[in-house]
Amino acid sequence: MSKLVYLVPLFPLLGFLINGLGRKSLSKTAISTIGTGTILASFVVSLVLFFDVKSNGGSVAVLFDFINTDSFTIPFAFQVDQLSSLFLLIITGIGSLIHLYSAAYMQEEEPQHYGRYFAYLNLFVFSMLLLVLGANYVIMFIGWEGVGLCSYLLIGFWFKNNDYNYAAKKAFVMNRIGDLGFLLAVFWILYKLGTATYGDVFAGVSKLSSFDITAITTLLFIGAMGKSAQIPLYTWLPDAMAGPTPVSALIHAATMVTAGIYMIARSNLLYTLAPYTQTLVAITGLATAIFAATIALKQNDIKKVLAYSTVSQLGYMFLGLGVGAYTGAVFHVMTHAFFKALLFLGAGSVIHAMHHEQDIRKMGGLKKYMPITHITFLLACLAIAGIPPFSGFFSKDEILTAAFAKNPVYYYIGVGGALMTAFYMFRLYTLTFLGNFRGTQEQEHHVHESPWQMTVPLIILAVLSVVGGFVGIPELFAKDAHSLEHFLAPIFEGSAKLAAQPHLAPAQEYAMMGGSTIAIALMIWFAVSRYRKYQLTEQTDTGLSKVLEQKWYVDELYNAVFVNPLNALAGFFKNIVEKSGIDGLVNSVGKLVGYGSRQLRLLQSGQVGNYILIMVLAMVVFILVWFNDSTIMHFFSKIF
Amino acid sequence: MPIQYYIYLCLTLFSIGIIGVLTRRNAIIVFMCVELMLNAVNLLLVAFSKMHYGLAIGTPQEATAGLDAQIFVFFIMVVAAAEVSVGLAIIVMMYRNTHSVDINFLNRLKN
Amino acid sequence: MTPVLLILIPLLTGLVTFFIKEPKAAKNWALLSAVITLAVALTAIFSKEQPGFDATWLPDLGSRFTLLADGMGRMLCLLTAVSFPLIFVAVYKNDYKHTGSFYALMLLSQAGLMGVFLAADALVFYFFWELALIPVYFLCSLWGGEKRIAVTFKFFIYTFIGSLLMLVGILFVYFHTKDHSFALQSFYQVVLSAKQESFIFWLFFIAFAIKMPIFPFHTWQPDTYEQSPTATTMVMSGIMVKMGIFAVIRWLLPIFPHASAECANVIIILSVTGMIYASLIAIRQDDIKRLVAYSSIAHIGLMCAAMFTHNKTGLEGVMIQMFNHGVNVIGLWIVADVIEQKLGTRKFSELGGLAQKAPVLAILLVVMCLANIALPLTNSFVGEFLMFNGLFQYNIWMAVAAGISIILAAVYTLNMIQKILYGNTVAATEQATEISGNVQVVLVILAVLVIVLGVYPQPMIDLTKDTVNAVLMNH
Amino acid sequence: MGIIQILFFLLSALAIFSAIMVLVSRNPVHSVLWLIVVFFAISGHYILLNAQFLAIVNLIVYAGAIMVLFLFVIMLMNLNAETEPQKHMWMKLAGAISGGCFLLVLVSLVRQASDLSDKNALMKDGNVGLIKNLGKALFSDYVVPFEISSVLFLSAMVGAIVIGKKD
Amino acid sequence: MNAIILSALLGVVMMFSGIVTKNRTAITYIAIAGLIVLLLGNVLNTYGVFVLHIDTHSMLNFEKFGLFFNSIAIAATLIYVVLSGRDIEKVGVNVAEYYALIFFVLCGVSILSSFSGLLMLFLGIEIMSIPLYILTGADKRNLKSNEASLKYFLMGAFSTGIMLMGIALIYGATGSFGLGGTVRITAATGLPMHTSFLEVAGLLLLFVSMCFKVSAAPFHFWTPDVYDGAPSVFTSFMATIVKAAGFIAFVRLFDAHTEVLGPTWKLLLAFVIIATLLIGNVTAVFQQSIKRMLAYSSIAQAGFMLFALYGGNDLAKEGILLYTVAYSLATIGIFAVLIKMKDYTFDGFNGLAQKEPVLAFTSTICLLSLAGIPLTAGFFAKYYMLASVVDAGGSLWLVIVAVFFAAISVYYYFRVIQAMYFKEGEAATNGVISQGFKTGLLIVAGLILLFGVFPSLVLNAFYF
């Protein structure tokens, strides 16, 4: 059974190779079939594995020794357990839906780019699978960087556009900053423990001092910041909207950004042992949740809103991790995967229909043109806003409850963020689907519902968004109904022993749940009513609105504080230090010799008298030097 | 006669020769000053010869002590004669070409 | 006997090549020679025991013509043997005036390089060290760019000073060996006082530092790489810089164990400074060749730093990275050469959109660039991973500082990809076509090497294990 | 102070004075003449030291042959005081000072040399300087240099011919 | 002894050959034959075969070192005449006399390699110098040649004066003209003599005059002017064989005296070495004429050869011989090419590789050897010099300084290579270069390379 695990990444890899090498000879249908089919095949295998794990528990399969030195051995090994099998399902499941969707969405591309696109997608899934399947931190890191690469390739997919390329580069570089943290953590672990395999690391955790653990977890978290777009390394994610919309869906839902969550959940034991880091994680998550939400309030690009909402939702997940609600975080990953994929694919459907118009101010009233898209989108909005019984409600609630138990302040701020989420999601929904159409005549003429390859995934995801939450029904409603928690229990076993989940009084929980639901509902009503009659105006925003619209000027800040000084420093090095400084020094040695040569030449005056004079003087000096025992000085002092 | 006296005398003559070489421009005079230096050396050698002879009186070396220096002086004179013939020939050749024996005039070759 | 063949084949064929007038014949002949050398090198790799050779040379001086191919030597010989046929194929379509002399000098430099990697006698080593340099000097000066004469001259004198200092060091050690011998083993057993050791250490190190090059001895390098004919640049940056690293491992660390531990701090700081410095400068470059040159400085800096950490991990990393960096950088130079040959410019500001015109080139360049930034599953990753690991064990902050260059590497490498491949076509690239078959073949081979060694680096690690253990035995 | 001492000082003074006159005479012919005086003075010293052979040779070879040759050349070139250019004053000064320094330094050494303090040059007596003894030595122990010096003369002769002969 | 006698006789033979035949080429052939005879005679000498049995009364001391050097000098002269004989014929009408003078110089050289007292040293130096004054002025119509000759003569005579004063002072202190080395006994007391001021001062003056002969700074001033002014063929001769002989004399002389000299000796010598290297190398950098550059380079090489004196051990003695071979071969080779050129400036060499590849190639080998690049004889020459000092110990700094100057020397040597290979131009030669000449050059280059790989060929000959 365990050998089956090889197949999971193998299929996407094959897909990548076939599509990549045959992108010129294969037909579009063949390409999309191969692309989707491989992921689907992985999904099927994942399902098998999932049920295997469910009944038999996890296992590790070693492929070969990747690095085997005298100091340590890093096997190329895959670990299938509860956590990874769950992620496998999310990745391959949603992945295959997105592939299917893409088959239609990218239809306009030339065949070879079409092939390239599917190859990248497959590679993306492959990398993510490696990340999740890896049985040690190094293999995880391989996937970790791999998804970074794929995001780079896909964000810059339309490489003729230089803005997109910049966005792609930004994504990669920001990820690399985080990756450095991850890498250092791996070194630290290797240095202290001599192994990077999860099992051995967690078993040897007692050998680590608390400083080591804090440092390792902090460094790992820096890695997570990059990959999962947390403050301060989040700015790449909104820019990543440059890629094709299904890619955004893939990045935001199934792959990439969830990597950070996965990694911390995987390392939960370490984090539980590092309270300082936990606090850091929680605060960072919370801050990101709020901060991104405020920005999302004023964004007008349909994808940008979604992007910031992802950042914000990821913040919640980190909050969950920070307060020790690992299951809650993973749960939210799952539900978020459903509705965020749905939202993006829905947005893609809209964009597709609007001929690549992404400004929601120029949309409106699409409800009647695109019913399926509309309905599914609405469901997703409800899910993300946290309206019961949609999936988002359960997961978000679980996190917030845990946050309350840890520190009520977390909870209140968290709820504030949830309110904003509700507001901006329904602002988006309203501006897009309700009201009047605000686009051009021509656009209106062409607006249409998308083909089946696109709507079928929407429908499937909508169903999942609606019912997905039921795997994690709180204890409150039914005893032992939280099947996810039970399923994942072995993973978080160690942490659970160390820090038992505090339980709130049922009354309080009900009150919190009810209160927040009502507040959210009010907020939705407010948003819908406010933007229902929205008309396109020329006036620009001022004050806080403008700051929000400009995303708190964070990019500008980064430019001013990091990018520009670094560039200036580089220029200084290149033009001043290198040229005049170091090379100047080297060259001046040569010049000195040349100068000396010209001067020494003059000594050769051509006059015999001078020559002999110098000879005589030299003789005198020689004698003086030779008899430096003051004999001569003594004599001279006698004379004079 | 204390040997120092001879040494002082010869060194003085020798230095006068050097000063002559340094201060005169006429190649012939310069050359003559060199001859003066050689003569100073000759005198010194003879003086030393007699000194060593004096020291060796009554020792087995008596028969030969000091002899070599005088022979050396003889050879110096021989060499000086040969040098003079060549030197004057060169000076004459120079004079033929430039109508001058001024050594400051010799500065085509420099730097 | 194999080691001698490795030196003799290129040496003799090289001398013959001087007299081949017909360009085509010279090319084929050189290629044939390189392939034969490769075959011999492969047999050396797969042989069970260490191939060696020993013959009398200068008995009065205590020098014997001793060659020894330990793991590291064999690996670098393999690198040399692999590189040359690839380079010859890659530049097959380029026209060099006096083709015969060009290929002859290339082969001579190959002989020199092989000798350096095989020499087990200090004097022999020094000989080959110079023999590798002289042909390169002529290659650069004769077939280089506009400023070639001044630039290569500087390079030559610079490295010559270094090697003379090394010679002084060799002499000093020689006179302190018990049996007055230049043999490697005698050198290893030499006992010097602490003061002597640290002084002589620097004599050697400066020579190697110039060759590598290590900040601040690097300024000859970008100019020379830029001005040289690309085939030569490939040899220089792909293989010749490894001479410096190789020499440190073979001749410095074991002979001066205390000094190298003592000075490690200074050298590592220099190297790390150089990494960041070079990376920053690379960001601002507008020329492919200069960018690759500076990036090479940064990478070599890491290797140098890792060598002096004196731990196994770091050293193992250096070992395999020597090979990997060679492969990667040769790939990058080939691309640079192709672009220059095809479009007549190397300036980023005059390039763009090449991915539309030459997708194969684009893909292969991206693979090479990814290897350059040590992406996992490319060959560099393993090496850099181990090296950083070693550096980390030595000092965390050094690893952090060096790590910054990883980020910067991403910045400049992606900049390069973007400016060459992406965006819209410009005047220079409007008429560009796909790269020719021979270059494709070479790049594909290199790309395959990149991936294969990235996924399965173990053979390289096993190959060089003996050297690592031998070097660290004294510590 | 015996007659020998008096003669020594007289001759020394004469030699030094004439040597200086060689330097300061503007007219080359005068220089030559003064130099001949120096040679005579030195020959006087030789006689004082009982080096008869050298005294005679000195007179014949130097004062006689060589200086006449000089005189001859000077006459041939028709050089006189008016035509001879003089060196710059500071060059002369520098020459005099450095020559003086040379003298001072060496004299100081001699003054310090303790091993010379009680040594004398044997005057008058001693027969090393006699022609008989010198001749014997020259043709026995010193025959090789003696013969070899013929090569010197040969080359000087050839040289003078090569240089002097008109093409 | 054979060498001294034969060279003197052959000198006479050459003098008369001018009367017998007016055919210049014939005279050259006679000279070549004479040199071969001389070489044979000298080699036979080492095997104990003598032309005449002469009792030298310990005036001369024939040891292997000196005899072997004679062979080197004679062989070098042979190569020199073979390569440049045709150019000697062009200097002036007195070809036979030139050869005669060259043989006389060789006689002086042979004396310098075997003197055992200061008298023979003095005679040897004079016998070597006087013909050179004349050869320098051989180009009688050329003012430069005249000037060089007069300068050389005046300064040479002056240095002779200094040397004689030195000898006189040494005699005053020791009562003998013998070489030092053994502890002398004072005649009066029978006790070992302590070193006197006079002797040291005398040695110092002797040192100065020897420095002058080998053109060590700051007594080198005659060298550039004389080498530049003299007819190029004779410059080649002077810069190689004569200079080497000077060094052999220098080493032989001070080899015996080092223990008399105190520790200051090394300091002073180091100063001279550094000054020589500095002036030779640095001044050469800016020269425009290759001939003058080579003059300075010969000063620089002298700086390296002085290392043998500094090292003062067996390695140094072996080294100086190898250095002599390497340096002479290379310099003779490069001068042979230079003489053929119309224009002696660097620009005059531009593009020579295109026109005369053999000339360019051989001069490159010679220049590489002069620069001390491995695989050429020059490398091992320098190697021995450095090694002798390192072996002597304690003076590593001097070696390092020297190494930097060696790097500078690469600069000006390679300028010639650059001109020949990398620059475009019309390098013009005097007339057609004969095939024989090229073959000769190739043989010289081959020898340089051969000794560069197997220096033992030279050194083993030394040990037999």
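Labels for the chains are A, B, C, D and E, by order of writing; each one numbers its residues from 1.
One rule holds in what follows: contacts are C-beta pairs under 8 Å (C-beta built on N, C-alpha and C of every residue); 3 or more make two chains touch, one makes a residue touch a chain.
Owing to the predicted nature of the structure, the values given are computational and were not obtained by experimental measurement.
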Q. In this assembly, which chains make contact with subunit C and also with subunit E?
A. A
Q) Listed by label, which chains are in contact with subunit B and with subunit E? A) A, D
Q | Pair of chains whose C-beta contact count is the highest in the structure | A | B-D
Q) Among the chains, which one keeps its Cα centre farthest from the Cα centre of subunit A? A) D
Q: Would you mind checking which chain's mean C-alpha position lies nearest the centre of all protein C-alpha atoms?
A: C
(Q) Suppose each chain is reduced to the average of its Cα coordinates; what separation in Å results between subunit A and subunit D? (A) 101
Q) Distance from the CA centroid of subunit D to that of subunit E, rounded to the nearest Å? A) 32
Q. Just how far, in Å, is the C-alpha centre of subunit D from the one of subunit B?
A. 6
Q) How many angstrom lie between the CA centroids of subunit A and subunit C, rounded to a whole number? A) 36
Q.
Quick check on subunit D: which residues sit in contact with 2+ other chains?
A. 87, 91, 94-95, 98-99, 102, 106-107, 109-112, 116, 142, 145, 149, 152, 155-156, 159, 163
Q. Do you know which subunit A residues sit against two or more other chains?
A. 601, 604, 606, 608-609, 612-613, 616, 619, 623, 627, 631
**Q.** For subunit C, residues that touch 2 or more chains besides their own
**A.** none
Q: Determine which chains touch and list them pairwise.
A: A-B, A-C, A-D, A-E, B-D, B-E, C-E, D-E
Q. Contact residues on subunit B for subunit A in the complex?
A. 18, 21-22, 25, 30, 103-104, 106-111
Q: Would you pull the subunit E residues touching subunit A in the complex into a rising list?
A: 151, 154-155, 158-159, 162, 197, 200-201, 204-205, 207-208, 212, 218-219, 221-222, 224-225, 264, 267-268, 271, 278-279, 282-286, 408, 411
(Q) Going by the contact rule set out above, which residues of subunit E touch subunit C in the complex? (A) 368, 373-375, 383, 386-387, 390-391, 393, 396, 399-400, 403-404, 406-407, 410-411, 414, 418, 421-423, 454-456, 459-460
Q) Along subunit C, where are the residues that touch subunit A in the complex? A) 154, 158, 215-216, 218-220, 277, 280-281, 283-285, 311-313, 316, 353, 355-356, 359, 370, 375-377, 381-382, 385-386, 388-389, 392-393, 396, 399-400, 403-404, 406-407, 410-411, 414-415, 418, 421-424, 455-458, 461, 465, 469
**Q.** Footprint of subunit B on subunit A - complex, ascending
**A.** 601-602, 604-609, 612-613, 616
